[in-house]
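Two complexes, one shared chain (chain A), two partners (chain B, chain C).
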Partner chain A sequence: MGDFWFEFVDITQIVGDGLLFGATYALIGIGFSLIFGAMGKLNMTYAAASLAGAYVGLAAFTFVDAPALAVFLVSALASGLIGFVVYVACFRFIPINNHLAALMASVGALFFVDEIIIHTTDGSPLTFPAMFDYVMLELGPYGVRGDLLFVFAVCIISTVGLLYVLYRSRLGLATRAVSQQDVAARLCGIDVHRTNAVTFVLAGLLGGIAGAMTAAAVGVLSPLITIPLTVKGLIVTVIGGLGSIPGAIAAGLLVGGLENVFLYFRGVNERDMYVLLLLFVFLVFRPHGIFGSAINRD
Partner chain B sequence: MAYYLGLVQLIGIHTLLGLSAYILMLTGQLSLGQAGFFAIGAYSAGILTVIFQLPILPALFIGALIAAFFAFLVGFPALRVKGLMLVVATIAFSEFVRLFFFNLSWRVPRGDIVVGPDSTNGFREIRYFVANGWSAWEITAFVWVFVVLVMALLWWSDRSRTGSVLRAVGEDELAAQSVGVNLTAVKVAAMTAGGFIAGIGGGLYAHTATYVDHLTFTVLLATFAIAYPILGGLSSVFGTLVAVIFIQGVLVEGLRFLGDWRNIVFGLMIIAAMNLKPSGLFDAPTARILKRAIGLDERGKTGA
Partner chain C sequence: MLELRGLSKHFGGVKALDGLDLTVDEGEIFGLIGPNGSGKSTTINVICGVYGQTAGTVRFRGELMDGQPPHRRLRAGIARTFQNIRLFPNLTVWQNLWVAQNSHQDIARQGFLPRWLGTTRQTRKEIAGLLELADLGHKGDDLAANLAFGEQRRLEFARAAAARPKLLLLDEPAAGMSRVEIDDLSRRIRRVRESGVTVLLVEHVMELVMGVTERIAVLNFGNRIAFGTPSEVQHNQAVQEAYLGSSSPEPRPAGRKS
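Here is the complex of A and B:
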C-alpha cells in the first residue's frame, strides 16, 4: 500500500512538472498555428528564431548585465524582429499558392539561423539564468518548482495578451479576417502583406518568450535544442489541430505531461521517440487534432 | 584518384536520395523523411551483410523493401489528411528513426571481434566491399548501375501512363480526382517507391562509407534530398542529377575554402533560389531555353 502511494505521488508529481513545462511547447505551438492560420503555410524557422531570440536575451544578460525581466523582453523583441526578417526573406515575395517554395525557403532560413548560433557560440551550451529556482512550494506530498511555476505563469500571461490582441483590437480583427478569407479581406481594403508581417512579428514575440522560458526551465541554451524544439512544436500544432490556438495549448500541456512520464519510465534517450510516436497515434485515430475542424484546407 | 572516385560514388548515392524525393514531388507532396528511409536502408543492408553475412545484392534489396514498407506505413495516415501534414509526419518520422538507431545496440561476436550497430558509437565494420576485394572502380560502377537503372525506370515511367497520373495529381488534385484517379493510392504508391529508392541509396551509402551513425541521418540530409529536385526542377530526372552534381560536386567541393561558413551559405542560397525561382532553377521555361540553345528542341527552330 505504501509503495503504491509513493509511486502514485511520484508519477503525479512528474506529470505536474511536465504540465508546467509543457506551457513552453504550447507557446511554440501557438506560434506555428498563428502563422499557419494566417497564411496556410508552415514557417519551419519559427522554433529556431525563438531560440535565437533567447540567445540575444542571454547576450543582454551577459554583456550589459540586464535585469531578469529585461532578458525576457529583449528575447521577445529580438525574436519578433527575426520573425519579420523571415517573413520578408521567405514568404513575402514567393507566390501565395506555392507552398513548397515557401516551406523550402524557411527550411533554408532554419539552417541559416542554426548555423549563426553555432558559429557565435562555438556550438557549446551556455548557462541561462533561472528564475525563482530557489522557491519550492510545498503542497502536501507535492513540491512545485518555483522556476517552472514562473514559466507557466508567464506563458499564461502571454497567451492572454495574444488573445486580447487577436480578439479585441483592429489589428487582431484584420489578422483574423485574412486568415478566414484573404481575398475578401483584401476587398475590404486590408493590406494582406502588412497583416501577415504583423502576424509573423506577433508570433515572433511569443516565440522569444517561449525560447527564453525553455532555456530558463532547462537551465542551458544549446544549438542541440533547435531541431527537437522545432519537431515538438510541429507535433503540438498537429495534435492540437492545424491553426487552432486552444488546440495548441491543450496539446502543448499534453505533450509536456506525457514527455515526463516517458522520461520516468524509459529514460532520457528514448523519451523523444515516444513523443514522436504520439503524433502517429493522432494521425491514425484523430487526424484533425484535438480541436481541429474537419475541413480539408491544403 | 580514390578521392574523386569517392566523390563520384557520393554523387550517385545522393542522386538516388534526390530521386526518391523527386517521385513524390511529382504528386505535389514534400517529404522531409527521406533521411529516415535512407537510414533504414543503410542500417538494414549493413546488418544483413555484417551480421547475417548475406551477399550485397539481396541485402540491398531487402533493406530497400524494409524502407519502402516504412514509407508506406508513414505515408498512409499522413497522406489521407493534407499536404502539410506529410511534412510534419515525415520530419517526426525521420527524427524517430534517428533516435531509434541512436539507441540500437546489436553486437554479435564475429571471429575475434564484435560487430554490429553500437548505439552512440555508430555502426562500424560494414566492410563487405573490402572483404571481397572490390576495387574502387568496381564499387563506383556498382553504385552507378543502380543510379542508371533507377533513372531509366523513372524516365520511362514518366513517359507512360504512370507519369501522367503522378503529374496530374501534382498539377490539380481536384481535376485528377474527377477523372477517377484515387489520390491517396497514387500518393502512397509514390511515397512507397520513394522509400524503396532511398533505401537502395542508404544501403549503398553504408557499404561505401563502411561506417554509419545516427548523426549521418539528420534533418539536414532530408533537406538535401528535397533540395536536389527543387533546384533541378521537376521537368525531368536529369534536373535532379544536374542539381546533385552542382551541389555536391561544385558547391560542397568548391566552397571548401569557406570552411565552417559553407553551411551558412547553403541556407542563404536555398532562400535566394526560392525567391528568384520558386518552381526550381531548371523549371520548364528555363529547360526549354536551354534545350533550344543546344539545339535539342526542334519546335524552337521550325515554329518561329
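Here is the complex of A and C:
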C-alpha cells in the first residue's frame, strides 16, 4: 500500500510537471497551426525562429542588462520580426499552389537560422535566466516548481490573448476570412498578403515567448534544441489536427505530460522514441487529430 | 462610370471575351445577359480583378484599373456578389459584414490599430443598417454556414454593400430563387441604386432582368450581339437566335466560371 501510494504520487507529480512544460509545446503547435490555417502551408522555420528570438532576448539580458521580464518581450518581438522576414523570403512570392517550394524554402530557412545561431555562439550552450526557480509550492504530497508554474501562466496568458485577437478582433476575423474563403476575402477588400504577413508576425510573437519559456524551463539555450523542438512542434501540430488551435493546445499538454512519463519509466535516451511512437498511434487511429476532422483552423 | 474597351480574355485557345466594348453610366441599373459560356461571368471577374485581361482596358470613373489587385479596386468602389455563394462560413453574420467594411472612407476614418482591434458606435450602427437591408436583424450572431440558402444570398448582397460601393456587380443573384424572393431582390436592388450605387446585373432569370434594368447588353461568344432597353432586346432577332441556338451543348472551358 505504501509503495503503491508513493509510486502514484511520483507519477502524478511527473505528469503534472510535464503538463506545465507542455504549455510551451502547445504554443509552438499553435504557431504551426496558425500559419497552416491561414495558408495551408507548413512553416518549417517556425521553431528555429522561436529559439532565435530567445537568443536575441538573452543578448538583451547579457549585454544591456535588461530586466528578466523584458527578456521575454524582446524574444517575442525578435521572433515576430524573423517571422515577417521568413514570410517575405519563403512564402510571399512563391505561387500559392506551389506547396512544395514553400516547404523547401522554409526548410532552407530553418538551417540558415540554425547556422547563424551556431556561428554566433560557437555552438556552445548559454545559460538562460530562470524565473522563480527558487519558489516551490507545497500542495499536500506534491511540489510545484515555481519556474514551471510561471512558464505555464505566461503560456496561458499569451494563448488567451491570441484567441481574443483571432476570434474577437477585426484583424483576427480578417485572417480567418482569408483562410475560409480567400477569393471572397480579396474581393471584400482584404489584402491577403498583408493578413498573411500579420499571421506570421502573430505566430512569431507567440513563438518567441515559447522559445524563451523553453529556455527558461530548461535553463540553457543551445543549437541542439532547434531540431528536437521543430520535431516536437510538428508532432503536436499533427496530433492536434493540422490547423486546429484547440487541438494544438490539447496535444501540447498531452505530449508534455506523456513525455515525462516516458522519461520516468524508460529514461532520457528512449523518451523521444516513445513520443514518436505516440505520433504513429495517432496517425493510424486518429489521422485527423484529437478533435476529429478539423482541416481548417476553425 | 465604367468603360470597357476592346476587352479580351483568353484561356489558352478559348476566347472567353473577345474585344468587348461596354459603357455603364453612373446611377443606372445595367443588365448583362447571354447564353451559358457567353462571357458574362468572365466580364465580372475581369472588372473586379480576379483575372487580368488578355487585351483591352477597364476604366472606372476615368481611372485605368489594369493591374490593380482586387482589394484596391474594392477601395476604389467596385464590389461584387458571387454566383455560387462565397460567405465566410465560420464567421457570424455580423462578423461577415464587419470584415467587409473596407472602403477608402472606412480606412481613412479610423486609425490603424483602432480599426483592426475594435469597433466604434459608428461601425455598429452601419452594420445594423446592413442587417436590416438584408432582413437578417435577428440572425446577427448565427454562423453564416447555418443560414438558409435565401438568407445566405441576402447576406452576400449586404456584404457587398458593406464596402460602400459606387459600382455593384451582381453575378446571377436570383439563381434558385422563388418568385417572392425575386420580387424582394428587385426591391433591394432599387433601394441600393437610390442610395447612389450603380448596378451591373448579370442574370439568367429574365423576370428580374426585364423588370429592374434600364439598359441591357447581350453577350455571345465573348462579344456583344445586342444592346438596348429591355423591350428592344427582347425583340432582337440576333438575341433570339443566340438563345435558341444555345440549346445544343456547348463546351465550357475549365475555370471559366469562378
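Here, the second predicted complex is superposed on the first by the 292 of 298 C-alpha atoms of A that agree within 3 Å, B and C clash if a C-alpha of one lies under 4 Å from a C-alpha of the other, contacts with A are read in each partner's own complex, and residues count from 1 in each chain.
Following the convention adopted for this analysis, a contact is a pair of C-beta atoms (placed from the backbone, for glycine too) under 8 Å apart; a residue touches a chain by one contact, two chains touch by 3 or more.
These numbers were taken from a predicted model, which means no experiment stands behind them.
Undergrad: Looking at A:Asp272 after the superposition, I want to know if it touches chain B, chain C, both of them or none. Which is it: first, second, both, neither?
TA: The answer is first: A:Asp272 touches chain B but not chain C.
Undergrad: In the overlaid three-chain picture, which partner chain does A:Ile190 touch, first (chain B) or second (chain C), both, or neither?
TA: A:Ile190 contacts chain C only, not chain B.
Undergrad: I'd like to know which partner A:Leu173 touches here: chain B for first, chain C for second, both or neither.
TA: second
Undergrad: Let me test your reading of the model: by the given contact rule, A:Val231 touches which partner, first (chain B), second (chain C), both or neither?
TA: It touches chain B, and chain C stays clear.
Undergrad: Which chain, chain B or chain C, is in touch with more residues of chain A?
TA: Of chain B and chain C, the partner in contact with more residues of chain A is B.
Undergrad: A:Ala89 contacts which: chain B (first), chain C (second), both, neither?
TA: It touches chain B, and chain C stays clear.
Undergrad: Counting only touches as set out at the top, which of chain B and chain C does A:Leu73 meet: first, second, both, neither?
TA: A:Leu73 contacts neither chain B nor chain C.
Undergrad: By the touch definition at the top of the document, which applies to A:Gln181: first (chain B), second (chain C), both, or neither?
TA: second
Undergrad: Answer with first, second, both or neither: which of chain B and chain C does A:Val218 touch in the superposed model?
TA: Touch status of A:Val218: no partner.
Undergrad: Common interface residues of chain A with chain B and chain C?
TA: 296, 298
Undergrad: Residue numbers of chain B touching chain A in their complex, please.
TA: Going by the criterion above, the answer is residues 25, 28, 30, 32, 74, 77-78, 80-85, 87-89, 91-93, 95-96, 99-100, 102-103, 173, 218-220, 223, 226-227, 230, 260-261, 263-264, 266-271, 274-275, 278-279.
Undergrad: Can you tell me which positions in chain C touch chain A when the two form their complex?
TA: Checking each residue of chain C against chain A gives 48-50, 69-71, 74-75, 79-80, 82, 86-91, 95-96, 98-100, 102-103, 115-119, 159, 162-163, 258.
Undergrad: For the complex, give me every residue of chain A touching chain C.
TA: 165, 169-171, 173-174, 176-177, 180-181, 183-192, 296, 298
Undergrad: Inside the complex, what are the residues of chain A that reach chain B?
TA: Per the touch definition, chain A meets chain B at residues 36, 41-42, 89-90, 93-95, 98-105, 107-116, 119, 227-228, 230-231, 234-235, 237-238, 242, 269-270, 272-273, 276-277, 279-280, 283-284, 287-288, 296-298.
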